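The structure is given below, and queries will be raised subsequently.
So that you can tell them apart, the chains are marked A, B, C, D and E in the order they are listed, and the count of residues begins at 1 in each.
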Amino acid sequence: MTTETAHDTTHQSANVEPVEHGMSTRGYIVIALILAAITALEVSTYYVDFGPLFLPSLLIMMVIKFVMVVSYFMHLKFDNKLFSWLFYTGLFLAVGVYITALATFQFFLR
Amino acid sequence: MFKVGSKLFLGLSGFASFNLVAYIIFVERLAIGGVALSMVLAALVGLTAIVMLINEGDSESQPRDNALTGASLWPLMTVVGLMLLVLGLVVAQIYFVLGIVVVLAALAEWLVQAWSESASDDPAHNESARQRLLHPIEFPVIATLGLGVVIFSFSRVMLAISKSAGAVVFMVVASLVLLAGSWFALRPALKGALVSAICVVGAVGIVAGGIAGAGVGLRTDLAEAAEEGHYLHRECGVEKSKYFDKKAMKTLSLRSNVTAIIELRNGRLSAVMVGFGEPQQRVTASRANPVTFIFRNFDEAERRMVASLGSAMAAGAAAPETTEGDSHAEKNETCTQLIPQGAEQALTVKYDKPSVAQDAPLTLTVPGVAGQAIEVFVP
Amino acid sequence: MAIIERPAPGIIVPALPAGTPAITPSRTFGALKRPVASTGWKSWLFTVDHKKLGLMYGATAMFFFIVGGLEAVLIRLQLAAPEGKVLNADLYNQMFTMHATTMVFLFVMPMAAGFANYFVPLQIGARDVAFPRINAFGFWCLLAGGIVVNLAWFLGGAADGGWFMYAPNSGPVFSPSRGVDFWTLGLQIAGIASLTGAINLIVTVLNMRAPGMTLMKMPVFTWLITVVQFLLLFAIPVITVALFLLTFQRSFGAQFFDVAAGADPLLWQHLFWIFGHPEVYVLILPSFGIVSEVLPVFSRKPLFGYPFVVFSGAAIGFVGWGVWAHHMFASGLGPVSVAVFSVATMAIAVPTGVKIINWTLTMWGGKLVFSTAMKFSVGLIVLFTIGGLSGVTHSVAPSDTQQTDTYYIVAHFHYVLFGGAIFGLFSGFYYWWPKMFGKMLNERLGSWNFWFMVIGMNMTFGPMHILGLQGQPRRMYQWTEARAGEGFFNIAFWNLVASIGSLVLTFGILLFLINIVITARSKVRAPLDPWNARSLEWMTSSPPKEHNFDSIPHVHHLDEFFHRKYEEDPVTHTMREVATAEQVLAELERNADTNIHMPSPSYWPLVLAAGLPIVSLGILYSIPVAIAGGLVILYAVYGWALEPSVAVEGDYEEPSSNGHAVGTTHG
Amino acid sequence: MMKSRRLALRALAATGAAAFLGSCATNAPQDTWQPKGPNAKMIDDLQQPVFAVAGIIGIIVAAAVGFAIWRYKDRGQPIPEQTHGKPALEITLTVIPALILAVVGVFTFRVIFDLARTDDTQLVINVTGQQWWWEYDYPVQNEWGITQPIISSGQLVMPVGTKVLLRETSRDVIHSYWIPALNGKRDAVPGRVHTLRLEADAPGIYAGQCTEFCGLSHANMRMEAVALSNEDFAKWVAGQQAAYQPPAEGTLAKEGESVFLNQCVRCHQVEGLKRADGTLAIAAPDENVWSGAAPNLTKLMSRNTFAGAMFNLLRDACRDDVWRADSAEFGAKYLAGVDETCLNVNDLRAWLRNAPEVKPMYANPALLADTNGKYRGMPNLGLSESDIDKLVAYLLTLK
Amino acid sequence: MAETTTHDAHATSTGLSNVKLGMWLFLGSECLLFGGLISTYMLYRGRVSDGPTPEQIYDIPFTSVSSFVLLMSSLTMVLAVSAAHKRDDRGTNLWLTVTALLGATFVGGQVYEFTAFYNEGLGFTTSLFGSSFYTLTGFHGVHVTVGIIMLLAFVAINKRSRVPGSKSETVEMIGLYWHFVDIVWIIIFTLVYLIPV
């Protein structure tokens, strides 16, 4: 990042902690741009009729955004797998349990 | 055992308990005032206990005459608070409450400052003592208050301008923040003072905008909506109502076990009910109990279902859940939105009076579909 | 000796330059010093020591056990005869609600949390938990929650909707007293304790094991506690949501369970039981863990099928998430849901059965020593089996529609929770008492205690099977002669038997309390290794030092301690003693670590936890009070955030000239 | 050692023994092991083997534990080999219970879906629960002679050998409808309509009780299902639809009618009852009671119970006579209803005198702020003894 | 708040930091919390006994912008973490402040949205839709607000150089929390705002 230039860079770099995850500032910005683009696409479903693709496309875009933030911004992709296990356990448990619960409201007679 | 600090707090606790007793005896029991006074008392007793418990850290024998007393803002703030209090008694309760808060805060700060100044001989340490005790409360309160003012101002601006302009302003503000941040980041040589100045200008700008926005009030469509209750109209005719039928719901999620499903198919209405093999023309709805019907439209035209609520409704009693009970109540009907083919909507109705008390039978009908009605029998 | 590693006074005093002023500023900051006392009541109030907190959990839980027990006795007295007049309907409803709430949230959970707090770090060879201050915060939350829930007794009546608090019966109209409000807010606060405790213990277990202790070398108690913490971690937020919805409805007029607005009361049932079923395993698994420790010790034989026990525990934890709706078989979910959940419920019986088989086979071929701890553990196997099997009978959904909400269910879960969870906890008391207090509970009295509890328990809950199958519903404040029936299975007779049984049971528990008193007064110290134990917690003094271990042991085996004492004879495969416990300990002491850092006590956990009930009462009585409570919380959080975990030197009292610390004596 | 065996025996007594003795020695009216109709029979056939298997497994475990206690007690034997288990044995012992449960699961599946059928219904009855009584409402079904809706409470009357479907709902909190001899329970949830199949093999009265905790008088919320032969059911239907017969002028009952019109009609409907001015008297429970309903008293004396089936309308002797009648005579005895000689005057008068005293209800005016002043249950009407005399006389005419 | 103990100085069994492990566990737990709230909303979104329905009052253009702002705050947060790892104090403070300001903008937008909805007739007690909508978005808003306070507090404490424990790790923890709040909004934006058309 260019912010370092004005400082004593040698001193700085000597003190840099080992950065375990290899994303550069540029990388983060690219990810953010992709996320922004997907958001724009999501919003477009409000204006343009996607027909039968409406629901699946929205859900897929949501999942992509979610995974991207978790993997890159939260470093889960680069970090120890244990973190992923803990977080995704909670996530999938939540998804599974609540979808099952909501589904029970559907059965029987509509 | 008892030293300056503990004496002070003991005295205060005694005073507070006296107040509490007096309040309970003379004013009223267990009202807000009583609760508040009890809390004050509890807090003071707690403080006393802590002060005594930690021995105040100082023994009386220590020389303290050379301790310098610094200038203090808090007496002034106390006076301001008192003025607010008096103002509140005359004008409005909100000032009174504000006054209490200010007085309490100022007194607390004052007490701590006074105490810390005589805590030791070293002013630097005294100041750091004060900070250690008060920073944990000052930081978050100031941050929360500041943040609250900025956020509130911003929302007033948004409320005052038009809907589409709102989105643009929102975008612009956010972009400005982002751009300013990036600029500062890319120019590390910028002076701190300049950065602070820009931030202050920004904050002042937003607050000023907020004040202006509050002056303007709500934008016209919001003000109208608030006044007229746009979404409360229940015009149960064939035609589309301007607000009520804006974008009718196409699906009905997660609804089961309703009393009956009313289907409109080929211009015919029928009621499907669990337990009855055939579709029925008559539905029994238990009295004084919210019953839910699902209306399914299989016709090509947009349709709505109307439930008549009977003559006895006009006589008073509770208005059904689905109407506002105001000028539309005398129509004694309620309805779903206009829904397109294949869509469904639920309608929850409560019939308080039985069918025998009605002039005309209670029905479920669809405007524009003649000669079709499901009779609702309320025993 | 202070737990805090700091230079000895002897080092500091000479370090002061000559001519230092008599009064140093740092010495005068009484109010702002961190608490550092390691003795006296302040050392308990501000402690972050996992062992002290464990004991405080235990004492709190014991208190609530007595409260809940008395409530139970009142219930049984009311039901001893037809048309009971001991309690009126309103009081009875409060009584059974609070009995269940107290026993579940304020006795079994905190007692298990107490054992977990005390023994998990010891069993894995750690010096403390991962987040000691959060640990202290958790305890104070529990205490605050317990107080808030019970405060309602004195402020217009306790909660009266049953511990399941089904909407809409818990709504403002149907439960007009403040009881339910106190209940929701109190449980919310107690929930914070469970959540923070869960995070804390999981991190502790994952991160702070002694060198060489792989996951599959951890004692089963630690394993099952870990499973429990995962269950809590994911279950507590669900009840949090449910409680928030209820609070918002009762206090702020939200419509979540207002049927006239179109609400579906089943939402509450789902949220409650999604939490509630994992909660059942939260209650029972710690006791399973205790039994899995006690049986091997007194069988002189490792746990049979250790990996099976561990994995079945994990499987229970996992499948436990898919069975909640079996509490709702009669609620009208529709046949598809009922069928699915019915099968899932049967599936969970399998891993539970595995445990019973393994315990039995652990005893098989052993050298069984029947101490009181062992008796309770064996009692658990048999009694829990009965409860488990009656559970299987109502995993069959159609059969459940005949049994649910009758006394058959009451019998079932008391066999599981009393015969299971509580027997396990008592086993733990007798097993670990010498470790915690350095004194043995009286074994003779213990035996009496055990037999009275077994007989009382079977007399109380055994007849409830009959009552339930004879059609007596639960939660009835009275039963009537007209529907009692005749013959051997008449309801009147068995109700009376159950009530008498409850008195026998009470007497059994009284014996335990007497035993505690007798033990506390006794001067006899317990031997270092009274049971010939197997795991790490016994590899230190009793009670353990503040830093637990002089040197952290390197672990090579499951049952490390046992294997340091015994070696296998390569020919006969029998074990022979190679070292006594004292020798093992002496070895550790010789290699004592020189530089042990322990976290310092802190005010903030207590202050933070104290803010929560203020907010709760504020929500109920006056919003300004709630705001004041919020400020207390903010204050504590910031104080906490600014505080390093180990006190800075200035926080310690300077030694005064006569060598005594200033400020340790206070009025 | 001996003690532990006794412990094991106790364990058997608790779960297993009931299975062997259950069928012979009991007469509790809500016994869940005495099915009296095909639905309950289906459940019973499913659960008996499960109980048996559970009992056997319980015995095996207890025996194994008992044997281990006896055989491996410390008698000074050396510390055994430190074996860590035998995976093959473990897996076997895991698979066996899994298989047993799989078999049970298959049968369970079938019964669940059979019990949920709604397509073979012969008679529909709407059942509405409220604190603390049940309302039965027979919608028009011409094939049963029900040409106008019948509203009743206290006792559910149904024809024998008929597939009856209850459509359950509730007006306030969740209740649960349960006649153990006829079927399992099903919750009545406000805002939802749930179904429950009932079918009785023989005429008679089948007792039940609300089994979802529903507040103060949960314990007093009972129900009775009365099964009548088809002819008797037709008679009952005709009787329920019979026109209102005002009491003769000048009688005590006539005075009772005016007391009724002054007091009771605020909540209780009597179909066909007219005010002095000739208009129909329409009860307004929605204005006075939170649940919005009170029992319809049109044919009160055709029932055997009142106040949510908490009290009997019949004296004990008369009641026993009806309850214990054999199937052939039962219908006639039941249809005879309640007359003056058999009326349980004591309970009825106590109820009219001060209802909340004999049945816990929320009728204290001081506690009605949350319900806008509406009662939950019947309040104390403050009737004088002579009013009560008149009312009792009048109520006896409602037949 | 991040708690550090002296144990951090020692190697942990997994080699991972206690605090980070604890944070991820907490976030896993939060999934269940928001899951419950979202489910409640999904169940009740169509149940409008009174007042407006979702489609009638949602202002999609505005909400899109506000989602976008929250997304960008995630970017600035990640830049702050990266600066903290490089021990760039100025950068850390700067990006944290920017993140807090973007968050504040978002919350300001939410205050606006709530006020507007209220004026259009959707109160907290109006309908099931209203109750569950305000509860869900309100909980999210409170989470954001807590995040903002955390960010500002950290900056204030950092300026006085009084951060106990590892600075970069504390920033990383705040960052994880902040991103989590963002991903919750990603779900809410789709499920609550975009889908029920």
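Remarks
Keep in mind that, in the parts below, contacts are C-beta pairs under 8 Å (C-beta built on N, C-alpha and C of every residue); 3 or more make two chains touch, one makes a residue touch a chain.
Keep in mind that what you see is a predicted model, and the values were worked out from it rather than measured.
Listed here as common contacts of subunit A and subunit E: B, C. Removing subunit A from consideration leaves the other chains connected by touching as one piece. More C-beta pairs touch across one of B-D and C-D than the other; that pair is C-D. Set against the C-alpha centre of subunit D, every other chain centre is closer than that of A.
One inter-chain figure worth recording: subunit B and subunit C are separated by 38 Å, centre to centre, where each centre is the mean of the chain's CA atoms.
In this assembly, the C-alpha centroid of subunit A lies 31 Å from the C-alpha centroid of subunit B. Our note on geometry: subunit A versus subunit D, Cα centroid distance of 55 Å, whole angstroms.
Touching two or more other chains at once are residues 189-194 of subunit D.
Shown for subunit B are the residues in touch with two or more other chains, namely 139-140, 144, 185, 188, 254-258, 274, 290, 292, 321, 346, 348. The set of subunit C residues touching two or more other chains comprises 206, 233-234, 259-264, 266, 271, 332, 334-335, 637-638, 642.
Interface residues of subunit D, counted against subunit C in their complex, comprise 3-4, 7-8, 10-11, 13-15, 18, 21-22, 25-33, 40, 42-43, 46-47, 50-51, 54-55, 57-58, 61-62, 64-65, 68-69, 72-74, 77-87, 89-90, 93-94, 97-98, 101-102, 104-105, 108-109, 111-113, 115-116, 172-174, 176, 178, 180, 183-187, 189-192, 194, 207, 209-220, 222, 290, 360, 362, 367, 369-371, 376.
The touching residues of subunit C, when paired with subunit E in their complex, are 127-128, 130-134, 195, 198-200, 202-203, 206-209, 213, 233-238, 240-242, 244-245, 248, 252-256, 258, 260-264, 267, 271, 597-599, 637-638, 640-646.
Looking at the complex, you find that subunit B touches subunit C at residues 1, 32, 35-36, 39, 50-58, 62, 97, 119-122, 124-126, 129, 132-133, 135-137, 139-141, 144, 256-257, 290, 292, 321, 346, 348, 350.
Within the complex formed with subunit B, the subunit A residues making contact are 1-3, 5-7, 102, 105-110. For subunit E in complex with subunit C, the residues that touch the partner chain are 1-7, 9, 12-14, 16, 18, 21-22, 25-26, 28-30, 32-33, 36-37, 40, 43-44, 47, 49-50, 124-125, 127-128, 130-132, 135, 153, 157, 162, 164-165.
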